[in-house]
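Next come two complexes, and both contain chain A; in the first it sits with chain B, in the second with chain C.
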Partner chain A sequence: MTGENKQQNSGLLGWLLFVVGFAGALFVGWVVFPQLLFSTQYQPINYNHAIHQEEAGMSCEDCHYFRDDGTYAGKPQLATCVECHEEAQGETESEAMLVSEYVEPEKEIPWISYSRQPDNVFFSHGAHVKMAEMECTDCHRDVEKETETPPVKINRLTGYPNEIMKMYVCEDCHAREHVSNACDVCHK
Partner chain B sequence: MKLDRRAFVKLIAGGVGGTLLSPLPWKMADDTAIWSQNWFWRPSPERGGATTVNTVCQLCSGGCGVRVRLIKEKRAVNIDGNPTHPVNQGGICPLGAAGLQYLYGPSRIETPLQQTGKRGDLETMKAISWDEALEILAIKLRGMRPKARGLVCVSGKREGTVPELFARFLHAYGSPNYNVMPAAADAESLGLFVSQGNSGALGYDLENAKMVISFGSSYIEGWGSPNRMMMAFGDWRSNPKRDRTKIVQVETRGSLSASKADEWVAVAPGTESALALGLAQVIVSEGRYDRTFVSKYTHGFDEFRRLLRRNYTPDKVAAITGVEKEKIIGLAREFAGTKPAVALSGWGQGRMPGSIYDFLAVQSLNALVGSLHKPGGVTRMPRVPLAPWPKVVLDAKSLAGENEPRLDGSNGPQFPLPAQLFHNLVKNVNEGNLYPAEMLWVYEANPAHDLADVQPFLEALDKIGTLVSFSSFMDDTTQLADLVLPGPTYLERLEDAPIPPGLQYAVFGLSQPILSPRFETRHPGDVLIQLAKSLGGNVGASFPWSDYETALKERVKGLADAGRGQVADEPGLQPWKGGQGRQLAPNYDSFDDLWEKLIEHACWFDTSEAMPSWESAFTTPSRKFEFYSQKMRQVGIRGNDLTYLPHFKPVEPAGDPRDYPLLLMPYETMAITNGPVANPPFMTKTLFDFQLKGNDSFVEVNPKTAADMGLKEGDRVALQTERGTLKVRVHLTGAARPDVVFIPTGLGHTAFDSYIKGKGVNANEILVAQQEPVTGLAIWWGTRVKISKV
Partner chain C sequence: MSGNKSSKVRYGMVIDLDKCTGCMACSVACQQENSVPFREDETNKRRSITWMEIYQLDNGKPYPEHRQAYLPRLCLHCDSSPFPPCTFVCPVNATHRDEETGLVNHIPVRCIGCRYCISACSYHARYFNWWDPKWPKPMEEMLTPSVSTRMRGVVEKCTMCVHRLQLAKDRAYVEGRRELEEGEYVPACVESCPAKAMIFGNLLDSHSEVAKLAKSRHAFRLLEKLGTEPKVYYLSSQDWIRKLADNVL
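Presenting the complex of A and B:
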């Protein structure tokens, strides 16, 4: 081989390595990193949204309601479940667990939140749902047909779930809807 | 083929490029920032449903109704004013709003403590159980019983069933030494006693007054019931349905109360009452007084008139006070010509006893214009018809105690009036007079910080056998204690809230435990009952109740039995409208019903006690209002005519003017607490940086005085009085006269926690308390001072 050839070869190899490095980093960044960053957590028992709506004829507000003082109750307390599930209502494993692990010992179900905002954020469901008349699904996933509660991806570094709404999303919408973006609107 | 350096660089470059186009670096940067905000010690609020509970604030004697917001009924997150409570009508002061910082603050005491080493050493304070603590105390008290008079108690609270239980314990045990911390109420009570016949307190019908002259009272900075005053002020100023009430503030300092008044009369230091007498002189000499009242219902008017003519003509008063003669005459005419008009007495927030003569001078002015016991004037505070407890069971030792002289010297040969003279008690202990103080109980008071002239108190502690504190907090006094019996805070316990100072109608507030006690604390009422039972004998028999709640209910039954008043359960109640003497139909039908409603709404009020008529109001020897006090003579006060008449004879401030050329005057502000609880961090945050900067306090100096002394804003100076030296910084302000410098009280704690301790200096350390010769009351409105740059 001539010296020139050698040079050409190593140049090619160099570019090949560049592409390997580039692709490898993309793979790590897009595929491996998210796997590492988020832990997967499962709800204590499966909750079937679809069956509660279709068979029990319940509406969203039966569990996710506004309290009399206008604050939003979020996830229901055990007392709401007990209204119907004093005794097991079906054969599923979750149903058996609900009664034996939570209803009977009167222990609250430790649901994991998909979108709990940080403590330094003052978020009012009332302002968004009642006043701005937004739909739940504008921000949350549609659970109407959901028969299995999906696992929650929790960021190992921050402790927050991956579905959480980031500040720029709030700001975008506020700007579009001509709502103030002053700091103290959300950070009291 | 060889991986050379260039190829390697390309691999890395590719890696970097790829990484930059992936979310990794951006997400990591963002998440790391969030991670750094989530350290494990960051507090996270409880989440869940909220409830609101009504109760009464006990952080001062204001008696405000408050609402506490609780999450999941266990975590208190907010306090605001209760709109159904007639006293504050939904208003709240900064202290009341910061109440949760006391509940959750780090200076709470968690268990009983015993000092096993040297007093003041927190390291050797040992946590003990309640059984041990009560046993230790009971053994000591049993041993001390032959010297029962040596038990001294000082309470920061003046009224209410818990202070009454303390007084009761001492009575049964055989000690005459139940004391309260000094306050303007001392001069008020004595002044009423000598001029109207019965001690007690005043009720000002301020909401119905058309003109108010305040003689040094910080009427919107904490005087009386602070929120009630704020509400009254709002009404005077901005109620379109009534005429604007004229407010005149007579005060040396350009305070907030002065700046919000229609007129600020800047008198020479300590001469407020001279101005009152000057006004009286004009009113009398021009015949503008209420002739019916003066001729039929007063005694000693001629002597008073002669004294006024001799000593308090406008010229003379102008010379004393520095107020122009024309202003004095004009003000007197306006006061006499406006109906109803009322004059306020009690300096500042009312924490200084003041002179009985200052009180008499101001109240004589009210008498002259016929404002006593009249709508829009001043009357006596109505009584709440609580049922009495059974009489204290006495044995030979308690009977002996009743005949012992009081260690504070009151009710005795030196000071014959029935006063509260804690300063004099301290003096007697230090001088070894009368008999030794074996044990001191401190209840909701912090004398080691709050007592003006605190040094003598600290010295007296060395001579006092045992110091027992009933505080909920590690305050300046408690850290010196030998035994600590911590109580729950006002948000964790049941207790009554008596009528606040200056109110003209009856209220009875009930604080209730809105959450279970956070620590191993015990209600002081229960502690006394348990202690009495373990002592047994007549002391045990004097405390027949199983617990404090039973004892309290027994008294509250009186309200139901009287069938009077209503539970305040709707917003907008204004009991001062329509006058006193209006019967209210009770909105409860039995004691149980009343109690239940009290728990829910926290307040009972009543307007059925009418202001007394002039025929029946006075129980003096002459059955009249006495300008010339026969009562003073009767109790054995010796002197010339002047002694029995309102007059101006200021107690000279301590210090030789040649050594201490300026006068130092303390002042109180709503932004700094002055009671047994220290300024909460929330309130400290509201201070301007010319009041507190870092840990530095400021002294207010007139710009001209400062220029003469070569001082600039922010300069560090030493304030030196006969008692000691404090290092502060200078704030230049026109609110200070050239010859006087002002310093706020309430800062400079040596205890509590790192958020409170060491913030500013404690003015009480260098103020010298003087004594009024006739009454023995302590007076500390001014101390001579020297300022030098450091």
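Presenting the complex of A and C:
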């Protein structure tokens, strides 16, 4: 083996180590770290959005509506479910669970929120839906064809879901639409 | 930055000292509405937090010339241009005047507790949380949901119940209105005053009661000579009170 060959070999080895290390770092950063940072939580029971709309003919506003005082109801309470599900209508496992574990003992379903904001945030659905005429899907996932509720990824450090809207997104849109970005517009 | 001439809304208050009986209902209502923390011993007023404090005034003369009055003191939401003294000194933009409403707001989670704003405020309207708030057992259930509680190490002050403005706007939006009507948004102190000594509204709306009263010949503001342009006006027919307000002795 000549000296020149040796140099070439060590050069190749260096490149190989670099590529392996780089790919490893990317793997850790993109796959391992998010797995460690976010815990996966499942909803207490599966809610089938599609079947409620297609077979039961319900509209979004039957559950997600504005109250008369202008506040937004968000997720429905058990009373809304009981209107139809006092007894099981079908044969699905999640409906049986709904009746036996929540409707009969009259216990609220502990849904996990996909977009829970911190306590000091004030968000007006009225301002965005009624005034700015935004679509629900501009911020939330499209649930129209959804048959299975996806798991919620919760940040282990902060306790907030990963889909939560960050402050810079709010500020950015407010600036573009020439809406006030004063603190008290969104903070309480 | 000074948008205070372009906006059509400048919320302000008029407090009629001739009507005020010093009952402190406003102070209690404020404490309750804004979940203001308290300590077991509230006698040390340099340590306690009271967004709405009542001062007792007297003219210092013996009977029969002796006179007394009560002065409800809250954040005056200074309208000085370009900034009120407190927001001018904040190094982290935790306090800021909303130029659309004229309300000076303070965001405790952004506050680093340097207390520059407390020193800058000419009216002692700002308070520091020396301790984490603690509420005895059943009281934690009674906190106002639309107001976020504060923590140790941050400054807090009167917000003119800005959460009530948010909720009033919410209702207006759902009813398809952009503008609020007079009286739709009123802070807790004003609502609680049994003597109707406090009037709240838009100072720039010439038809509003508050704007008319602010132009009364009995109207004055605290330490007007400083140029802080407070948006809280006081009314009194008595000269000695008006002189006290400008610290002329």
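Simple rule for what comes next: the second predicted complex is superposed on the first by the 174 of 188 C-alpha atoms of A that agree within 3 Å, B and C clash if a C-alpha of one lies under 4 Å from a C-alpha of the other, contacts with A are read in each partner's own complex, and residues count from 1 in each chain.
Here is the rule we go by: a residue touches a chain if its C-beta (ideal position, glycine included) is under 8 Å from a C-beta of that chain, and two chains touch if they have at least 3 such contacts.
Small disclaimer: the values here were computed from a predicted structure and weren't measured.
In the superposition on chain A, A:Q43 makes contact with neither chain B nor chain C. Looking at the shared chain after the overlay, A:F18 reaches chain B, while chain C stays out of its contact range. By the touch criterion stated above, A:N162 is placed in contact with neither chain B nor chain C. Of the two partner chains, chain C is the only one touched by A:C183; chain B is not.
Of the two partner chains, chain C is the only one touched by A:G70; chain B is not. By the touch criterion stated above, A:A127 is placed in contact with chain C alone, chain B being left untouched. When the shared chain is aligned, chain B comes close enough to touch A:W30, but chain C does not. Taking chain B and chain C in turn and counting the residues of chain A each one touches, the greater count comes from B. Comparing the two complexes, residues 69, 71, 118-120 of chain A contact chain B in one case and chain C in the other. Contacts from chain A toward chain B in the complex involve residues 9-10, 13-15, 17-30, 33-34, 37, 67, 69, 71, 73-74, 118-120, 155, 157-160. For chain A in complex with chain C, the residues that touch the partner chain are 66, 69-71, 118-120, 122, 124, 126-127, 130-131, 180, 182-185, 187-188.
Those residues of chain B that touch chain A in the shared complex are 1-4, 6-8, 10-19, 21-24, 27-28, 31-32, 34-35, 37-38, 42, 44-45, 47, 49-50. On the chain C side of its complex with chain A, the touching residues are 95-101, 103, 105-110, 146-149, 159, 162-163, 165-167, 169-176, 178.
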